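One chain, chain A, appears in both complexes that follow, with chain B as partner in the first and chain C in the second.
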Partner chain A sequence: MNIAELPDIQPYSLRKADKEKLLNTTLTSLSRHHYAYCAPYRKMMDGIGFDPKKDYHYVDLMFLPVQLFGMIELCSAPKEEIVRTLTSSGTSGQARSLIFLDKETAANQTKVLTKIMSSFIGTKRAPMIIIDSESVIKNRNLLSANVAAISGFSLFGSTRMFALNEKMELNTELLKSFIEQHESERILIFGFTFKVYRHFYKELIKAGIKPDLSNAVLIHGGGWKKLENESVSAKEFNKKLNDVCGIRRVYNYYGMVEQTGSIYMECEYGHFHTSVFSDIIIRRAHDFSPADVGEEGIIQVLSILPKSYPGHSLLTEDKGILLGEDDCSCGRLGKYFKVTGRLEHAEIRGCSDTYDGKIN
Partner chain B sequence: MTNIEKYKQVFITLFGVKEKELQKLTYQGVDAWDSVGHMGLITELEETFNIMIETDDIIDFNSFLKGYEILSKYVTF
Partner chain C sequence: MTLMTEKLTDIEYLFPKEPSMDNLVHIPGEETFSENAIAYLDALAHILNKDPRAKNYPDVATFAFFCRKGNLLQLKKKYLYGNSLRLGRGLIFHITPSNMPVTFAYSLVFGIISGNVNIVKVSSKKYAQADIICNAIYELSKERKHQIFSTRHALISYNAECSASTYFSSICDVRIIWGGNDTIDEIRKNKLPPHSFDVTFADRYSLCVINADKFNAEKSPEQVASGFYNDTYLFDQNACSSPHLIVWLGTDENVETAKRKFWNNVYDLVKVRYILQPHSAVDKLATFYYQAVQSERIKKADMPDNLIWRTELKELSKDIDNYRCNGGYFSEYKASSLRELSNVFTNKFQTLSYYGIEKEELIQFITQLKPIGIDRIIPIGKTTEFSLTHDGFNLIDTLSREIELL
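Entry: the complex of A and B
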């Protein structure tokens, strides 16, 4: 799949029937591609009787459990063409996913992330506050999901300011002067959900500072990770931030390192949206059949981007509910859904989980 | 320094490459020019030429030569 072939397609512009056609073609051809170039994938596909000559509906394509990327190496490109290996959690006792990217897949991830983000915040770059420490991206040996996300979203920053020091403490002086300096501009803020909450919101409360960020846009994602016991609802999260710094525009996203780029953005009505580059299917736990609208199940994620590794169809460890398709009040086409939690006994992991902070 | 010299110098300083390697230099072609290095490159070019590069151009900027073509929209070489 060459994303350049879809230059003008808008991320939320296809109705069910058209999107199904696109996904049937692209996802089946990705399954064939990985079948041809990834030996362990071929073995698994043979095991379930995949026929590379058959045209499949994407709902019937095999999905891999996402944990598999932490157990075996799955790569569909020659090793010498791999320019980057992304990792998820590197913390002890948890399996660390390895995601192999060649130039094409890496470039497509960035392009799609930009298309999706632009449709929410426009293409104009703006001063950006990153709720993280610059030391995170300086450690190039650690090509974590964390770094990939920060560098991807940073494209929208005209100037960038890292708000945390190496000890993950909020640099309030730097923050104040940055906000003053860009007083008349729209500021973008990016951070992982639990870091925004713990190292930005809580620190502001502690320091008794209320910066004026009423004109700012916050983009956050990655969930709560090890701070699950501190987690608050999306509504409460937005309200608390609004109370402390006046911010009104807050966008959460759902995504994972195994499908970097094709993220699911939350709309103004609090629903996660699939774009034309991705889809979700909610599966029933007892037989993996697709669940109905409104019925809770396990989230399967599909993305047309993964070409250098077989990650185009994955069963996550998250539970969710499909809310509808093509009829969200925000006007965006495609499926929209909510995430309701983690499967029991699932390892705590995900997109920004390389942080090894202790819970106080 | 002419603008083209300034353009070359940014790559040489940032990525530690030699001038004769520039013509064939591509994104991900050397370790230093990864996605994080790319952010640094864009910032450096913007400061050097006092410009603001569009997001689409940042994404298309995948080689020394392509970058030259893109920057020609913003800078007179």
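Entry: the complex of A and C
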């Protein structure tokens, strides 16, 4: 599947039946592609019973648990064609994942991210404040998930300003002068949810500063990570930021390094949306069958982008609820859903763990 | 002397309730299976049996049953042979598991009946079972008859940051470390006195061997399945003795029939009794894919849902113990004979549970093939029962001194 084949398609423009057709073809052909070019993937598919000759409905295609990318190197392109390797730390205690990108997949990720973002914030670049420290992006070939996201979203900035110093402290002077300098322009702000909350919102409160960002647009994602106990609801998050800097347009997104590009943006009604480039299926843990609308389950994410690694159909460790399809009040077509949390690690009974602390 | 209590401040005292452990160092070991010890444990069993809360916990009831005089006298007959003169080694420091609620109590009992004084580190995780047992030990200490004997042990709890392990290690005669391997490494950083030693229960791997020809003739397959359930799902398949590998013996045709009959029966039980954690379902899938990549020609067997995950192997490799997952994940292999298995055993293998195999054959298997590993050969359904022989140690012999008298 080449994204160039969909040059003019709008991200939220396909109804269920049309999208199904598109996904059946593209996702099945991706499964075949990875089966042919990724030896470990082929062994997995042979074991689970995938038939490369069969035409699958995409709901019946196999999915890989995301944690596998931390256990096995999975690459479907010749190693010499890999231009970038993304890495995520995974959840605590897990090995970090490696995601191999060739030129085509990397370019498609950028194209699709641009398409999705443009439909929310327009195509015009704007001055951009990044709620992070510039030091985190001074990196080499190996890109962490954070850096990948920052550099992806940076494309929308005409100029960029990193709001945090190396100690992750808010540089209030720099922030003030940047806002003054771009007084008449619409400013974009990007950051990870927990960093925006801890290093931007809380720091502004502490410093007693109320910058005027009423004309700005905030894009944030990535959830709360280790700050789960500090987390606030989306509504509260937006209200608090509005209180401190007057910001009104806040967009959260759901995404992961294993499927960079085809992110799920939150609409004005607080729902995450699948685009024509992606889909989600909520699965029941009991038998992995698709859950009904309104029923909580494990989130499976699908994306038509991953070609250089077999990440087009993944089972996440997140729980979510499908809210509907093609009928969100915001008018965007496609499935819309909410994320309800992480899958808890079960308390496992057994006799192999006497250590009461964390071993590093 | 207030050495211990001065040094160690972050300790939670489960029994006795006041920190008074310093005297433990000076109490001598007793005879193994002493009358006092047997009377004490029998009284403990009585208190546990009367506790209405204990009825909700089969593991507590089983423990109480183990402590009964009748059982202990039988064990005495089996383990105290000849005219051997035996005394406990002295002070035993037990580091017990955080995810098996009752193991700490068995560890204590092993220490008591072999004649020792005991400091038992109980997990800081709270279990009702531990609460019930500690409470019974406390109640017993108030009975005049058992007052003095009650001063021979302490149950405590503390987290990994506490330096208590260093101190207890420096004064104990034997240190019992229940795994995992990381814990053993961590605890071993603390020095023991020159004469002292460790008894370690490392991470192990277990399997179950079923004779298909016999199983097909079984009139009560549901009972075999129930035993298998107790070996596996009852403890989320996370006890060291829980089988992860199922080996079938018999003709191709018989094995196919037996598999169907066996798993149908297990499934009926699991469906009613077991609650599958969502994360376990994802872990099983991930384990399967990982195993698929690292092994050759494995296949997932068809099952109606994720309760039982069966991975069918065409060949059995030495690294099979790497591919395991809790909560009902089984690798299955059809072997031509027990002999074939002995090639893959390593010292990680602990329990071989069996169905439909004659004892004579099992004895021959051990004596002729001398497998590495395999410390226990136990009928299906009985793998989680505690015995005084554990991981190849005769605990009575290990935890006591035999005095040579000529």
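Everything below uses one rule, namely that the second predicted complex is superposed on the first by the 340 of 360 C-alpha atoms of A that agree within 3 Å, B and C clash if a C-alpha of one lies under 4 Å from a C-alpha of the other, contacts with A are read in each partner's own complex, and residues count from 1 in each chain.
Following the convention adopted for this analysis, a contact is a pair of C-beta atoms (placed from the backbone, for glycine too) under 8 Å apart; a residue touches a chain by one contact, two chains touch by 3 or more.
For clarity, every value in this text was computed on a predicted model and none was experimentally measured.
Chemist: If you tally the residues of chain A touched by each partner, is the higher count for chain B or for chain C?
Modeler: Counting contacted residues of chain A, the larger count belongs to C.
Chemist: Does the superposition put A:123 against chain B (first), chain C (second), both, or neither?
Modeler: After superposing on A, A:123 lies in contact with chain B but is clear of chain C.
Chemist: Just checking: does A:168 make contact with chain B only, chain C only, both, or neither of them? Give me first, second, both or neither.
Modeler: In the superposition, A:168 contacts neither chain B nor chain C.
Chemist: For A:209, select first, second, both or neither according to whether it touches chain B, chain C, the two together, or no partner.
Modeler: A:209 sits against neither chain B nor chain C.
Chemist: What is the contact status of A:321 with respect to chain B (first) and chain C (second): first, second, both, or neither?
Modeler: A:321: touches no partner chain.
Chemist: Tell me the contact category for A:298 with respect to chain B and chain C: first, second, both or neither.
Modeler: second
Chemist: After lining up the shared chain so the two structures overlap, which partner does A:160 touch, if you call chain B first and chain C second: first, second, both or neither?
Modeler: Only chain B; A:160 stays clear of chain C.
Chemist: For A:72 in the superposed arrangement: first (chain B), second (chain C), both or neither?
Modeler: second
Chemist: Spell out the part of chain C that touches chain A in their complex, as residue ranges.
Modeler: Those residues of chain C that touch chain A are 95-101, 103, 123-125, 158-161, 177-180, 182-183, 186, 201, 203, 235-240, 242, 276-283, 285-286, 288-293, 297-300, 304-307, 311, 326-327.
Chemist: Would you pull the chain A residues touching chain B in the complex into a rising list?
Modeler: Contact set of chain A toward chain B: 83-84, 103, 106-107, 110-111, 114, 118, 123, 125, 137, 140, 147-148, 151-152, 154-156, 158-160.
Chemist: Show which residues of chain B lie in contact with chain A when the two form their complex.
Modeler: Against chain A, chain B makes touches at 27-28, 31, 34-36, 38-39, 43, 46, 52, 54-56, 58-59, 62.
Chemist: Would you tell me which residues of chain A are touching chain C in their complex?
Modeler: 40, 43-44, 46-49, 64-65, 67-68, 71-72, 285-288, 298, 315, 317, 319, 343-359
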